[in-house]
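As structure tokens, the structure follows; a few thoughts come after it.
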Amino acid sequence: MSEPFVRVENLKQHFPITRGVVFSKQVGAIKAVDDVSFEIYPGETLGLVGESGCGKSTTGRSILRLYEPTDGRVTIDGTEVTALDDEALRAFRPRMQMVFQDSYSSLNPRHSVAKIISEPLVIQGTRDQRKLRDRVAELLELVGLEADHMRRFPHEFSGGQRQRIGIARALSLNPQFIVCDEPISALDVSIQAQVVNLLKSLQRELGLTYLFIAHDLSMVRHISDRVAVMYLGKLAEFGRYDRIFSRPLHPYTQSLMSAVPIPVPEVEKKRQQILLSGDVPSPAKPPPGCVFHTRCPFAAERCRAEVPQQEEVEPDHFVACHMVNDPTVGPQITQRAGHIVEEVKAASGTGPDRQFTPARDVGNR
Amino acid sequence: MSSRINALDPSQTRSWLGRTLHYLLRDKAGAFGLVLFLFVVLSAVFAPYVAPHSPLQQDLHSSRMPPAWHEGGDWEHPLGTDNLGRDMLSRIIYGSRVSLTVGFFGVLISMSLGLVLGAIAGYLGGRVDAVIMAIANLFLAIPYLLLVVVVAAILGRSLINVILIFGLTNAPLFVRITRGEVFRIRKSGYVESAVSIGAGRARILGHHILPNLIGPMVTVATFEMSGMIFYEAGLGFLGLSVPPGVPSWGNMLAHGRQYITFSPWLAAFPGLAIVVTSLGMNLLGDWLRDVLDPKLRRTAS
Amino acid sequence: MQRYLFSRVIQSLALILGVLVLVFFLVRLTGDPARLMAPRDASPERVEQIREQYGFDRPIMVQLTEYLSHAARGDFGTSYHYRAPASELIVTRLPATLELALAALAFAVVVAVPLGILGGSNPGTVMDTLARGVGLIGQTVPNFWLALMLIVIFAVDLGWFPSFGRDGPRSLVLPAVALGFFPLGQFVRLTRSAVLEVRSADYVRTAYSKGLSTRIIYLRHIFRNVSITLVSIIGVQFGYMLGGSIYIESIFAWPGIGRMINEAVQNRDFILVQGIAVFSAGFVVVIQLLTDVAYALIDPRIRYEE
Amino acid sequence: MEPVLDVRDLAVQFETVEGTLHAVNGVSFRLRRGETLGIVGESGSGKSVSMMSLLRLIPEPPGKIHRGRALFYDAAETVDLLSLSNRRIGFLRGNRIGYIFQDPMSSLNPLLTVGIQIRESIERHTRLSGTQAKQRAIELLELVGIPSAAQRYGNYPHQFSGGMRQRVMIAIAISCDPAILIADEPTTALDVTVQAQILALVRRLTQELGISVIWISHDLGVIASLADRVLVMYGGTVVERGDVEELFTSPRHPYTVGLLGALPKLQGGEEQLVNIRGTPPSLFSSPTQCPFEPRCPWAFARCKTERPPEFFAGTGRVYLGGTESASTTQDTAESPEQEADEPFVAHRAACFHDLDRDQERDPSEPPAPAQGADKAAEAAGIGAPPSARGSASTDPPPAHTDSRQPSRLTGDRTGAEEL
């Protein structure tokens, strides 16, 4: 395989908790991202999945240095992003872009679509009005909108259309790497598919590399080449999507996969879900050792004391769990993985008997 | 095609200004406020053409004449005369010049100060923010009217001083509001996305933060201008505003107070002028708040 | 809760200290406090005498330290005009002002809260229009003018109430109404908008879905949440009334602090002005602290702050 | 089985500054005792509004229940929920019909302890004394799985996590042993592992207590896991209904088909997700056509001029193992009275397509103008519905041949042949 395009090493993002009356002092830290490492290869999609508060969005922002990482190293296409000074960082920004979750707030309500999409170009030095207009028109058509939409304002569009505008803006500088921060979670199901298909076809056409952040495991499976499962600021499991989905080994990944309802009633009603007990601990006071041990049925003494490291259990499949290779508990975990996958696979033989004509264009014309 | 455009916007007007006007015409109270406000402003600007007499012209033969519709009144002096026989209507029209000047420049000064300091505090945060806000909060801790009276007594009576007093004492309020808004906008998605495309500080301030400050600033400015007109009259009433010879609503009120038992109109009309001006600006301000506050409008739609 | 209270008390003390310093420099704004305090036609010798008498000729830091150390002991200097300690004068005048302010506050709350609630819970009705109208008028009528008009109508024409002086409950009515009118408008507006907001809150919908009666929903769910808004602005309004009392007490010859400020300003008695300013600010800060405590008592989210 | 709720032709409108919003447009359905009815739809489909208007929880004005009836067959009497007095509907709310809302973070009063908020419902509807009500509230907290319930009784909502708050909401909703529980997307705001906990809880509770449930969701997976029957809503109307297994395997309405195809699968292959192009409909005009027509790849002329009634579709299996008798009927079930006589769970879809498929093939019929020029080619071939396959020889072969296609579904449907 080629060299990784994006390399994240020991990334930490801690937000200080301050308290004080007149002068504030730091009394603790929210460990939103705590020692996370992974790579993304050129042209592929890494799906970063986890529940709310697990630090997945923060990871995306730290990689792009929208937050200043507390520690760690991020390298994109050979450039160490974390080492760039302000000026160099601004010059580098065109190569890494972001599509935001909330398309309503991420577009300035006072600006026309033309201004929004051309702003990156203007910042990077294009002044020729005609060139700008042509580029905006081209981008709008690329994302399935019409060129004359450029005179309108964000509030005149629906959620899915606004998300397309956000994508057009991200694309305007021909970036190679895009962080998609839950770009579809605020959209209706039928619109989600439009946006995901658009992202996929753009990736094919333009050779983009994606970090796709989501909480929807099925969507991550659908779009990703590799998957990283995050829990409480740490990576639980990481690897090629088919490896993870055919053999989820981290107990957290297992419970996540088991909890996703499958839209096939016969299967879903017979499923025996793994129910996690309790709630996610606060990231301000993460448990010692393995952060998942408070909710893990396999937790042993070691898990309470020692932080598990990523281990390669098979090629391209890493798990951070002490118990996976434990001689007694390990087989139980593997067996449970098999059971979960079997249940899910039972659904693959069935499906709706009708087919809906897939729209062939990326847009919605 | 049109079916794909969000149906929530009924106006179909594209520009921001067009939408704003559309909303103004739909709100009768706001439009009425605008009319009242324009009425006062125009009469102040064109005072020499509108006023029937000179505001300083004395006529001791017809002193303290009641309004025209009262017994002993005369349409020569529609609102009557004061104890020196000066025409009340003309003095009120000229008096609006003082009020509006104080209101306008007072707001201009305090808003400029507030914008600069508030933007610095909100954008830089940290220690600078702490110092600026500590000072602003000190000023805000002293009851406002008391502060104004004390400062006015110290500085002495002149139009410039009055403007300065309001401009300076009101600045902390603008600082606080600006800072809060800048803080909010700085955390907003569109500023974050501007950072992500490589926008520098100047661009973010100039293209994203300041334009989005206009709405709240204009709204607050309207209310504060109305407040300053109020308080200027109050200072005049205590004899602390513009020099006694200048026709101003506050001076007229202070003057009329001495004759309150026998010639109540001397105090009533300048006060009514204040009420009308203030009403217009408050209606306008309410309307502006409804239209310019994106948070409110989003929930309404 | 204790940590919250503690931090608020510390903040308040810091604020009062800051106000002391601020007022100290305000009086020296023109550069020569002695000239400021001397009568307009005073001879240069007289000004020089005042300068020495009050120690204005000493280095400013020495003056400040002395002023602060005196203030810490409750000594705000001796009034030039009354020839009595400023703090003593303030304390004698305080009851009258408190009486007036509380009466005004009571008037404002008693009229405004029911009106705001009725308006907010029946939007679009006559009641609502009335509430909005009162709210608007409260904001647009200057209290000094209102005071004069009240005197003309109710004291001069009708003769129902005395036009000046502090002489029994009847004499309190007109000043209290005049002073309370602006807060009244504010309270109506705030109550109305708070009711409007709270009644469409999700938890009120939940309360309806439980089948609770409208009366209980209003009493237990809506009012309690509306009261948070009200409590938090009473402190602000108190500060306003201390300022507003300058006019009202002067007009009605009410023997309180407000009238004393006016007199002190007219007499150029800046030692007294300085004392009153600090005292009023301290008073407002304390009221603010009390409302914050009340706020915390109503709202468990603050009480149980982690 | 007897019905517990019978909703007929419900229509709800909102007066807004922009005009009348037709939020719900003639919705009829029936809930049987002990069953769980799932309602699926996207935002703006009218699912929440129709359920809230059953308990008259929509704000009036601007909302208005325009027409319809909602017969509630309670143990003692039958009442029309929509015409009850305020006092009597107040008696039913929280007592006979419980309601759970979507956002647990804002649905509890932040200033009152959860104990009081559970108790006030009990005290309103029962004669339990103060201590008994408290006892009952603690029992309920235990029942919904809140650990150390007695201590948590005195806690405030902000001291609970989202999942725990939703448990409290459930405790409130079932506090008086209701006959019906309406759950309005109660797990949408929650994480998937917490959602699994809540789903398991509700499944257990409703079985134990024998409550009939209406469960609203936009998540087809959730509906698949809970519901016995499903209503699919779009643009304020029911576009398809049926037994859950049948509806998921043999969807008839293009919208349902599209929705199922738009979902990524945890198990499936590499197929592209189905694009339902366009955006949800504006509800400002009262529809005189099929609401899905502008987005439908199978739409033809008639879809623009007429609103399709609900036709029987699919195999016509009768719920609970009844006879397969309904399949020969091509009744449109226009009147509610007629509906009452029909087998309970006939699968129905409000779509002309299966009936008028021959018309679609008519070359003289111009393609719907909204769909552009390339649509004609598309309409000619790709995506021909399976019911058409093999029955009409003039049909071009479908572009997607799905090997998983269960053969039992083709040809079963006889209504179309009779046309």
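Going in written order, the chains are labelled A, B, C and D, and every chain counts its residues from 1.
Quick note on the criterion: a contact is a pair of C-beta atoms (placed from the backbone, for glycine too) under 8 Å apart; a residue touches a chain by one contact, two chains touch by 3 or more.
Computed from a prediction, not measured in an experiment: that's the story for all the values here.
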With contacts defined as at the top, give the pair, B-C or C-D, that has more of them.
B-C
Compared with subunit A, which chain's mean CA position is the farthest off?
C
Distance between chain centroids, defined by C-alpha means - subunit B, subunit C (Å):
22
Quick one: report the Å distance separating subunit A from subunit C, using the average Cα coordinate of each chain.
54
Length of the line joining the C-alpha centres of subunit C and subunit D, rounded to whole Å
57
If I count partner chains per residue in subunit A, which residues reach a count of at least 2?
158, 161, 364
Two or more other chains touching the same residue: where does that happen in subunit D?
278-279
Multi-chain touching residues of subunit B, meaning two or more other chains, are 4, 8
Going by the contact rule at the top, pick out the subunit A residues touching subunit B in the complex.
64, 66, 89-91, 93-94, 97-98, 100, 102, 104-110, 119-120, 123-124, 146, 151-153, 155-158, 161, 166, 169, 173, 364
Under the touch definition given earlier, write down the residues of subunit C that touch subunit B in their complex.
15, 18-19, 22-23, 26-27, 29-30, 36, 136, 139-142, 144-146, 148-149, 151-152, 156, 239-240, 242-244, 246-247, 250-251, 261-262, 265-266, 268, 270, 273, 276-277, 280-281, 284-285
Over in the complex, which subunit D residues touch subunit A? Could you list them?
42-43, 161, 163-164, 191-197, 199-200, 218-225, 227, 244-245, 248-252, 254, 256-269, 272-280, 297-298, 372, 374, 378, 382-383, 385-386, 398, 400, 402, 404-406, 409
In the complex of these two chains, what residues of subunit B are touching subunit C?
134, 137-139, 141-151, 153-155, 226, 230, 233-234, 237-240, 253, 256-257, 260-261, 264, 267-268, 270-271, 274-275, 278-279, 282-283, 286
Seen from subunit D, its contact residues with subunit C in the complex are 55, 57, 59, 61, 90-95, 98-99, 101, 103, 106-112, 117, 120-121, 124-125, 156, 158-159, 169, 172-173
